[in-house]
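Next up: the structures, one after another.
Common to both upcoming complexes is chain A, partnered first by chain B, then by chain C.
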Partner chain A sequence: MSSLAVPQTDPVAGSTPGAARGRPPLRRRTALIPTVTLLLGALYCLLPVAWVVIAATKSGRELFSTFTFLPGTGFAGNVRDLSAYRDGVYWQWMGNSALHAGLGALLSACVSALSGYALATYRFRGRETIFSVLLAGVLMPPVILAVPQYLLLAEADLTDSLLSVLLPQILSPYGVYLARVYAAAAVPADVVEAGRMDGASEWRIFTRIALPMMIPGMVTVFLFQFVAIWNNFLLPYIMLSDDERFPITLGLFTLLEQGANSPALYTLVITGAFLAVLPLVALFLVIQRFWSLDLLSGAVKS
Partner chain B sequence: MPYTKRRRLVRSAVALVLGTTALAACGTESGDSEGGSGPVSLTYWTWTPGMDKVVDLWNKGPGKEDQITVTVKKQASGDTLITKILTAHKAGKAPDLVQAEYQALPTLVSNDALADISENVGDAESSFADGVWQQTTLGTDAVYAVPQDIGPMMFFYREDLFKQYGLSVPTTWDEFAETARELKKAAPDKDLTTFSASDSGLFAGLAQQAGAKWWTTSGDQWKVSIDDPATRKVAKFWGGLVKEGAIDNQPMYTPSWNKALNTGKQIAWVSAVWAPGTLTTAAPDTKGKWAMAPLPQWSAAENRTGSWGGSSTAVTTDSEHQRAAAKFAAWLNTDSEALNALAKESGIYPAAKNAQTSGAFLKPPAYFSNQADFYAKAADIAETTAPSAWGPNVNVAYTTFKDAFGAAAKNKSDFGAALSEMQADTVADMKKQGFEVAR
Partner chain C sequence: MKSTARRESYGVKRAPYAFLLPATILFALFFALPIGYAVWLSFHKVKVSGLGLGSGARREVWAGPENYTDALTDSELVHGALRVLGYGCIVVPVMLGLALLFALMLDTEKVRLAPLTRLAIFLPYAVPGVMAALLWGFLYLPDVSPFYFVLDRLGLPQPDLLDGGPLYLALSNIAVWGGTGFNMIVIYTSLQAIPAEVYEAARLDGASPLQIALRIKIPMVAPSLVLTFFFSIIATLQVFNEPTTLKPLTNSVSTTWSPLMKVHRDAFGDGDTHSAAAQAVIIAIATLLLSFGFLRAANRRQKQEAAR
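Moving on to the complex of A and B:
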């Protein structure tokens, strides 16, 4: 799709695409078709978001009776009802999600950084095998592992606990893969070698030299994993049975599926879904500044 | 392994039909170690809102005396919960008590997940209508659950609009079709109702009313009769109405369906006793304008209804305290204090007969304040519920229904073909699972 755009220089691994300081552009035929396509794509993605935002402002009475994109008057009431539902269990779900996603993504980023760095820097027997297995893991949707993971953790009596949700999500094949690719590009062998010459231990080289260079990549891993855990449904669904431990995804599901004789709490679910997106948006905005480091990092000139 | 195990279960279930008690071994072999006394704590998976408050009554009252404490773990309802229970059961970690819809009981029993509690529920049977109780025994001598709520089907209509268009309330399905056509003549942009291909439970209930028995056992085998004359009659009837455009073909429970009810574009709804709750959120502006009548009949001489929804409380084979759990299940669904609380906190329509016309059910629901005898009428209708016959893979039948009837309703094509597909897929899945299916 982007083939009509101005030809770019080869992007350096890890650099922000599109920010490449290229040759002077061949001057500006505004490519109409790609632009329109992208605009349509953006509209397609944003329309449901707009729907959620607007629907969250409608009271139960307005939800299905007023025009879809006409903001309602019930937002404060919806939030109040949501907070009152079962003594504020919604905020507990939100807290659980934050805990699962925050801790899980942090640990996952650490594990990914360590293993990615090791795979990129050291040469040892079986390295390529490990990497191939990892690639296979990237292709495997985590969803199909949920039930086997449950059965395994049940053996260890760990189900229905925080650990049961954290453990399976700490090791992310995709994170390790990304960390390896990133470490290979961002941590030059020369630098590691120089560290060794100066007598630094391997651990010190990793923590003091390599890790800072890998930070932008690790922020990406953190973010990906955070979003993945925040949105994960099946794993916590199978693992957890106590609704005070539920993350937000499960909690909202129980609000929808209350059995035939009680109506689905649409307004609460929509408001809840809207509020649940906000932390993700905030996270992206905050973390953006780490990404800009990207362009400045790099210790040797190529 | 599941093959032989399931075969064994079908066999023993069948043996029970013949009057032996072979299955009792299944229920108690896992041991009821509570024997003596000592405090017992039980976990209970349920989706009923407000159940924690009802359970508090137990924990402070009879449960305290018996030292049996129950903890509610609220779940989402639906087929996914069955999967979750079965997964937990595979690991031996299912909760002591689960809430299960009637049509899910055979699935759970054939996976050996539910305990036979016939010896621990006392005389609970006397509190329920035969047709309701039969769903928890699966026609055997065992008892796999205690009925909690039921969903006898009824006909709901906009009283004011029926008057405005000069329509009378249909008592037979022929009249129902006539009413739909008359309305089309009087107001072409309105529909009497819709045929929703996404609600398998509704179709199952309508077939049940017509006398269908989708799953039965005979000898050593299951028999699947989804494509039987009764169901075909129902499918043909609704397919015909959709095809000629006399009713709408859009699914229920969507925003546009809510809007259609709220604005009076659809003026009637074939539903069940829990409809007031749904209408309260779906059509808030039409409160007090609806009325309830019995479901139309296939012939004027009949008086039967089907059921849509309803659930029970079951004890799992994984529970180490099956007797205590059964005691709680019986209390929850037969004790008048518990039933009152269930009605008040959870808005359920009780399966227990005497609760249907007492306590919270002396007054009509707020949405139907115009119909003073709502619950008296409902109890009479509940009495006429036709027996149901569920099998071990209702979920598969339901999924095929959604696909096949969904396509047929959209294209306004033949519902008969969709029904044959439902039959074929259900039988194929049962064979794949290792059940013996009669031809």
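Moving on to the complex of A and C:
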């Protein structure tokens, strides 16, 4: 936890494939077994992704007739068909996912920042109790929450709306935890004290002094929650019934349900899956360089 | 002068509570209240009087432990629980075994292409569980799968991956694929935190890399292993997305394949929210008992090891 603010030592962030070239050009023997093991692991993990990339290029006929890893010629046609499917509902699903995940993660980062800052910088009665209770939420299996959440939101007439999938995902116990750890490391107590001496209000100290110091940590919280909301299936599955409000995970699932009986829809599902995985993989490739995995392991260690 | 000081300290005293207000409200509304409501529901049932018509005909009455005894003697739920236990016995050891193996291999000297392979193995973390199940689902389908294509050309028998025993492997594989990379990164990060001096003494004593891995590295990352185990158990017993996604592709996955799927069906398919709530409470308690039981056992063992 001491290395919170040192992204250079981050094992993922700091290294690029070319990094080893900087070392003296000694002839080193490659450790054969580890290298081969890791290559096999990488192959296994890339296999389904490689398959969907190639399968998405095949027209319906090619999908069943040509060898799996031979690219086809139908990609543009597949995308056209997918966009035409029910007047472009696919792109609506993508938009919904972006909205849920973007807005939810932003609100989550704000709530986490407020809570984490309060828990890290103030000493007050009930601090540890509040913290433990909030953290216990991590252990609550979603199963025990989802059914009553639905019934309660139905009472409030909020099911099948944006709010019904947004509100339950704003509070992230993990986000609060990370924010507390980060605030404790990044916001020095004497800076807060100096702000008080100058007569700034507590709110002003938070927004003008502490929050800017906490931004890198809050980006991490945002990204974690973004992925968590984007990947969530159970909550929208339970809450939403109008398929124009579906996120992409749920939309593709319903497409698969219909397509299972008519192989003609397979190419649509496959192309849809490819286009849906693309932005997340791209996001992942960009952010894994900035992701503070020290923070992550700190969370596991304590 | 005195009054300003008092006002300031009053503001400082109040501020943390104000800052924690949004989180507290959200916790009360979306964690505490639903749990309380689920417990309340689990002890009630609907009583229908007369023909069940009219507004007063359906009343919620106290049911005592009836929903719980019903759930515990429900063979569908018990079978679902057994299926998920079997599934968990494959997923958790294989996933964490691979994660540990890859992390140790990454931590070896003179390993080539480490950053690239590490990234590739971590990549499935970015793929939603439903999407992973969908991709693998197609790879299991004889019509489009490359495995079947190869088996066909070689004239080998072609097993049905979406039925019987292989179905467990097919489902486990999806979870292993999705979870190995994340756990590998967690373990690898704690391997990196071990100071280099620790190895030097062992190397001077002539310990081989294998001995160093088994005798020094694994014991030193034991706390990370325990925690990854703990969270994997919780996640595995909640399995829902993967079997639900595979369901359209095969008749072997029933609507009650996992306990969580049965809760969903009872609540939303059959509209029996009271018994669904009782089952949800049972699953939650069983999950917490199993995961915390594991944590206690692991801690006790670590203390014994330390005492030796």
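One rule holds in what follows: the second predicted complex is superposed on the first by the 228 of 302 C-alpha atoms of A that agree within 3 Å, B and C clash if a C-alpha of one lies under 4 Å from a C-alpha of the other, contacts with A are read in each partner's own complex, and residues count from 1 in each chain.
To be clear about the criterion, a contact is a pair of C-beta atoms (placed from the backbone, for glycine too) under 8 Å apart; a residue touches a chain by one contact, two chains touch by 3 or more.
All figures in this text were calculated on a predicted structure; none of them were measured in a lab.
Enquirer: On the superposed three-chain arrangement, identify whether chain B or chain C touches more chain A residues.
Expert: C
Enquirer: Can A:Glu257 be said to touch chain B (first), chain C (second), both, or neither?
Expert: Both: A:Glu257 reaches chain B and chain C.
Enquirer: Answer with first, second, both or neither: which of chain B and chain C does A:Leu158 touch in the superposed model?
Expert: Touch partners of A:Leu158: none, neither chain B nor chain C.
Enquirer: Which partner does A:Val147 contact after superposing on A: first (chain B), second (chain C), both, neither?
Expert: In the superposition, A:Val147 touches chain B and chain C alike.
Enquirer: Please indicate which partner A:Ala185 is in contact with in the superposed arrangement: first for chain B, second for chain C, both, or neither.
Expert: A:Ala185 contacts neither chain B nor chain C.
Enquirer: With the two complexes superposed on chain A, say which partner A:Asp243 touches: chain B (first), chain C (second), both, or neither.
Expert: first
Enquirer: Quick check for you: in the superposed arrangement, does A:Thr35 touch first (chain B), second (chain C), both or neither?
Expert: Once the two structures are laid over each other on A, A:Thr35 reaches chain C alone.
Enquirer: Regarding the shared-chain residue A:Leu119, is it in contact with chain B (first), chain C (second), both, or neither?
Expert: second
Enquirer: On the A-aligned overlay, A:Leu99 touches which partner chain: chain B = first, chain C = second, or both, or neither?
Expert: Neither partner.
Enquirer: Scan A:Val281 for contacts with chain B and chain C and give back first, second, both or neither.
Expert: So A:Val281 only meets chain C here.
Enquirer: Where on chain A do the contacts from chain B and from chain C line up?
Expert: Residues common to the chain A contacts of chain C and of chain B are 63-64, 147, 150-151, 237-238, 250, 253, 256-257, 259-260, 263, 266, listed in rising order.
Enquirer: Quick check on the complex: what are the chain A residues that touch chain C?
Expert: By the definition above, chain A touches chain C via 11-12, 15-17, 19, 28-31, 33-35, 37-39, 41-42, 44-49, 51-52, 55, 63-64, 67-69, 110-112, 114-115, 117-119, 122, 124, 127, 130, 133-134, 137, 139-145, 147-152, 167-168, 170-171, 176, 196, 201-203, 206, 227, 230-231, 233-234, 237-238, 249-250, 252-253, 256-257, 259-260, 263, 266, 269-270, 273, 276-277, 280-281, 283-285, 288, 293-294, 296-297, 300-301.
Enquirer: Any idea which chain C residues touch chain A in the complex?
Expert: Counting only chain C, the residues touching chain A are 8, 11-13, 15-20, 22-24, 26-27, 29-31, 33-35, 37-38, 41, 98, 101-102, 104-106, 108-132, 134-139, 143-146, 149, 177, 180-181, 185-186, 188-190, 192-193, 223-224, 227-228, 234, 237-238, 240-241, 244-245, 248-249, 259-260, 263-264, 267-268, 273, 276-277, 280-281, 283-284, 287-288, 291.
Enquirer: Enumerate the contact residues on chain B facing chain A in the complex.
Expert: Interface residues on chain B, with respect to chain A: 43, 45, 47-49, 73-78, 80, 84, 87-88, 90-93, 95, 149, 151, 201, 253, 255, 258-259, 262-263, 272-274, 277-278, 280-282, 284-285, 308-309, 311, 346-349.
Enquirer: Going by the contact rule set out above, which residues of chain A touch chain B in the complex?
Expert: Listed in rising order, the residues of chain A that touch chain B are 60-61, 63-65, 147, 150-151, 154-155, 159, 237-238, 241-243, 250, 253-254, 256-264, 266.
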